[in-house]
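Structures given as structure tokens follow.
Both complexes below contain chain A, partnered by chain B and then by chain C.
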Partner chain A sequence: MAEKPIQGEKRVFMTGNEVVAWAALAAKADIMYGYPITPQNEIMHYWTRMAPKYGKRFLQTEDELSAGFTTLGGVLAGRKAFTATAGPGNTLMQEPMSMAEMMRIPSVVVIQQRGGPSTATVIYSQQEVTMTTYGGNGEGFRIVYSTANHQELFDYTIKAFNTAWKYRFPTFVLGDGYQAKMRESLIIYDPEEKGVELVQTEPTLGREAVNGEKKPVHIRNTYNTEEELYEVVTRYMEEYMKYAPEIVEYREFDCEDADIVIVSHGVVSRAAKGAVQELRKEGLKVGYFRPVTLRPFPADQLKAVADNTMTLLLVESSLGQMAKLVKDAIFGSTVALATLFKPGVGITSEEIVAKVKGMF
Partner chain B sequence: MSTVPQMPKSWRVESKPHKFCPGCGHGLVLKALGEAIDELGIQDKIVFGADIGCSLLAWDFFNVDTVQTHHGRTTPVVTGVKRANPDLICIAYMGDGGGYAIGSQHLVNAAARNERITAILVNNCNYAMTGGQMAPTTLPGMKTETTPYGRDVKEAGYPTQGPEMVAAITREGSYVARGTISNLKQLKSYIKKALENQMAGNGFSFIEALATCPTNWRTNAKDTWAFLEKEMTKYFNVGEIKNHAMKEGE
Partner chain C sequence: MFGGIPISERILEAYIGEYASGKSEVAVNRAISLQRKGREVTIADLDLVEPFYTLRPIKKMLEQMGIRVVAWETGETLGLGETGSIMKPEMRWVLKRPGDVILDIGYGVEGAKVLNLIEGAAEEKQLKVFVVINVGRPLTATINDIVEYVRDLAPVHGLINNSHLGDDTTLEFIQEGAGVVTEAAKTLGLPVTATYMERRFEAALGGKFDNMGNYVQFLDRYMANTFW
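Now for the complex of A and B:
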């Protein structure tokens, strides 16, 4: 058996899907359950090539329902288990993830967004934001990291396992087809050598007997009365709200004196960053705000920015799924809102620059 | 001689009397399962998954690690547990709707992959928890809430032959049988073999248990038993269908 998958750190040039497989190995994930769907397939391809060398396992299931529910089984057995999906697969994944929310099962799912609705395109979008943050028949007790580049795909995939197991909410890494398929350079590393502690896992089902005595557990997602359910959901929400400030992540720059702040997430925020830098060079007062966690959302931080500027320009590759989160976060603010929405289509710096110039 | 009915040791006394309707077959299937677990001495190794529907009422039935799942999804949950920790003995407990309708793709594929788990499916010819709708196993002509004039095979097809289907798609190492609560000794022996088959790492084990549902059948005790023994067996043959000891083609 080979030793550590990554010794020290290494500069590499690879696709985002390959990055995710390496990150899962680096995070000491034990088992992946998966079902083919573009554009996430190569996560499985790389995992199935590399994982057996390190004693890791893979199960190809019959669909995403099964991929999700077997992942839950793996986690309940105490293993770091994960799956990856996209689009219509993400739709099916909502059923197991609602069970994960109710039973506080720390599952990790990597989503590489593709076009929607329906089969749409296999290529790219930011149209799985609503579903990934608030999907299922519940209240959105989940954590969603929206990554922008390959370094973040690596960092946040490792982090997702830690976050999931620490807080016991299902955790998503929300990428997209561009990030999945594009090659980019990044540093991969052994997290522990870098001082990143990997959270220890523990089994819920199948614990060993202690001193010859076994205390069986009975875990449930069904309740008999409204009051019982109300108590559970209220407790979960209180815990979620308590942890949210520790979990929330965002990036901002040049917002202090900005007349317009561009709000975007994921790969689109790279175009926004380029646009802000260029517009600043031309002397236009433009700022940048990017939620990294879409759930929980950096609401207070964005509210503060909104209260200090004239206009938020919301830019995303969907017809306003992030915008809904933004509006919810800044409720009560009198800031003006402008939008650049291109559902299922990439957005360039040039387009954003042109849009902003038209607003001044 | 004790006059108290003997409960299997693996049963959870605090949850008795159980919550199934009077005359329901689930209690007897779970008695056979409890005794099989006791005789094999595997209580501490079991992970028991309960499907949604009446099967869910089994969730606090045993003193074994138990997980509630979603309707039809018990097979994949239990598969995930077994794949992650093969030392455990994993049981998926479900009804005919969970196994043959909403979860049929999971049953078929778990069988095809020869998952080392034991699935126990209770066949009572209807969706009982939801009020007695037609199930994949509803008999031709049988009246249910969604077939008030009787199941018309031209509209709704014939009852699913579950164990026969599973036997057809599994290869060496599988164990498939159909038992009935009207022959508890035999049912227990099937369940025991199914568990032993998993413990030996041979392959997928599947038991269908014919069971009663007087509440939704709207039958008295005599007619309930007559339906189980005379009507259901017209379509569902009781016996071992596949034993890993059998050779291919036998």
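Now for the complex of A and C:
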């Protein structure tokens, strides 16, 4: 068996999908379950290339329903398990992940968004925001990290395992086809050498007997009466609300005196960042706000920004899926809203700059 | 004579490597440099593994330079990325074309198997297969990893050090790569055909050789514009 996959830290150059595979290794994941779909395939390709060297496992299932449910099975058996998918695969994954919500199974799913609806394009979009945050029946008790670059794909994939197991809500890393395929340098590292504690997993089912006694375990996704369900969902909601403030992550800069604040997430926030820097150089008062967690959403933080500026410009590669989250978060604010929506198409900083200049 | 170049003097080269090793960039630069010497050149996109960062988006530009390009155009493809890329009939016969032929091959062992589909590839003694290595990729970062990787790819005629970190590349990193690739090549009993580096390092290098004595080729980056 080879030694640790990553010793110390190392600057490397690779595709986003490879980054995810390396991050899962660095996080000491035990097994990946998956079914191929572009643009996430190389996560599986690289995981399966590396897995045998490090005593890891892989199971290719017959579809994403199975991939999702087998991931849950792995977790229930105490394995640090994950899966990855995109587009219509994400659609199928909603049923197992809503079961994970109901049973509080700490699953990790990496999504590389592609164009929709249906198979549409294999290339790119931000059209899986609604589905990843609130898909499936239920209340969307999930955690969703929207990454913007390869370093974050690495960092947040590692973090996702810790978050999932700590709070026991299904956790998603939401990338996209651009991040999946593009090549970029980043630093990969052994998290434990950096002082990041990796969560210890434990089986939910099939535990060893203690002092000769084996307690029965019963986890449920089926309830008999409305009241019985209501009690459980209420408890989950309270826990979710309680933990949300410590889970929420966001980035902001130049908002204090801004007349317009650009709100974007994921890879689009790179264009927004470039645009804000350029517009500031020209003396225009423009700010930047980026939710990193789309669920739970940094609502209080964005509300504070909204109350202190004149306009929020919402920019995304979908027809307003992030915008719905924003509107919900800032309800009651009198800030004006402007939008730059390009469903399934990338957005450049030049386009954002032009849009903002047209607003002043 | 075959297309103005005696058959025995045709240059037939295949470039192979990992994702982001820079195999296509090296192949494109090689084709352009041959064309600039007045040679007749065909470059073929034989990456059937993944249809992004391929020659497709710069096909017209290369053709305008006078290079023949055997590659799909994006609009001609069906189910891009979903159903695999199929071979163009011209791809199968590409080695039978007059002049020099440069093959840009898909990644890894599976990608290399495309050579089994090319007429004449097995018999053509002039066909050289070069593996493009970037030590910035963790699976080909060490001597042992490179040796193992290249052994799986046989037959191979030489290694190319194309160590880089995209925009974050430094000359020091390239030289470090030269050391690792040269050691791996010794173990494999293969030559290091060249070290490739961006033209922006020309002044800092101050010569034609890297620190291991390998010949340096300067390249211009075209592939950054070829996403899908």
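FYI, the second predicted complex is superposed on the first by the 360 of 360 C-alpha atoms of A that agree within 3 Å, B and C clash if a C-alpha of one lies under 4 Å from a C-alpha of the other, contacts with A are read in each partner's own complex, and residues count from 1 in each chain.
Here is the rule we go by: contacts are C-beta pairs under 8 Å (C-beta built on N, C-alpha and C of every residue); 3 or more make two chains touch, one makes a residue touch a chain.
From a predicted model like this one, the values you see are computed outputs, not experimental measurements.
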Once the structures are superposed on A, label A:Val210 by its partner contacts, choosing first (chain B), second (chain C), both or neither. neither
A:Met14 contacts which: chain B (first), chain C (second), both, neither? second
A:Arg57 contacts which: chain B (first), chain C (second), both, neither? first
Considering only the touch criterion stated at the top, classify A:Trp22 as touching first (chain B), second (chain C), both, or neither. second
Which touches a greater number of chain A residues, chain B or chain C? B
Can you list the residues of chain A that touch chain B in one structure and chain C in the other? none
Touch list for chain C against partner chain A, complex: 19-20, 50, 52-53, 80-82, 134, 136-139, 141, 164-168, 227-228
Residue positions on chain A within touch of chain C in the complex are 6, 10-15, 18, 22, 38-39, 41-42, 49-50, 119, 121-123, 178, 181-185, 188
Which residues of chain A touch chain B once you look at their complex with the stated criterion? 30-31, 33, 57, 59, 61-63, 65-66, 69-79, 81, 95-96, 99, 103, 203, 205-207, 209, 214, 216-222
Chain A partner contacts - residues on chain B that touch it in the complex: 12, 43-45, 47, 52, 56, 59-60, 62-70, 73, 76-85, 87-88, 105-106, 108-109
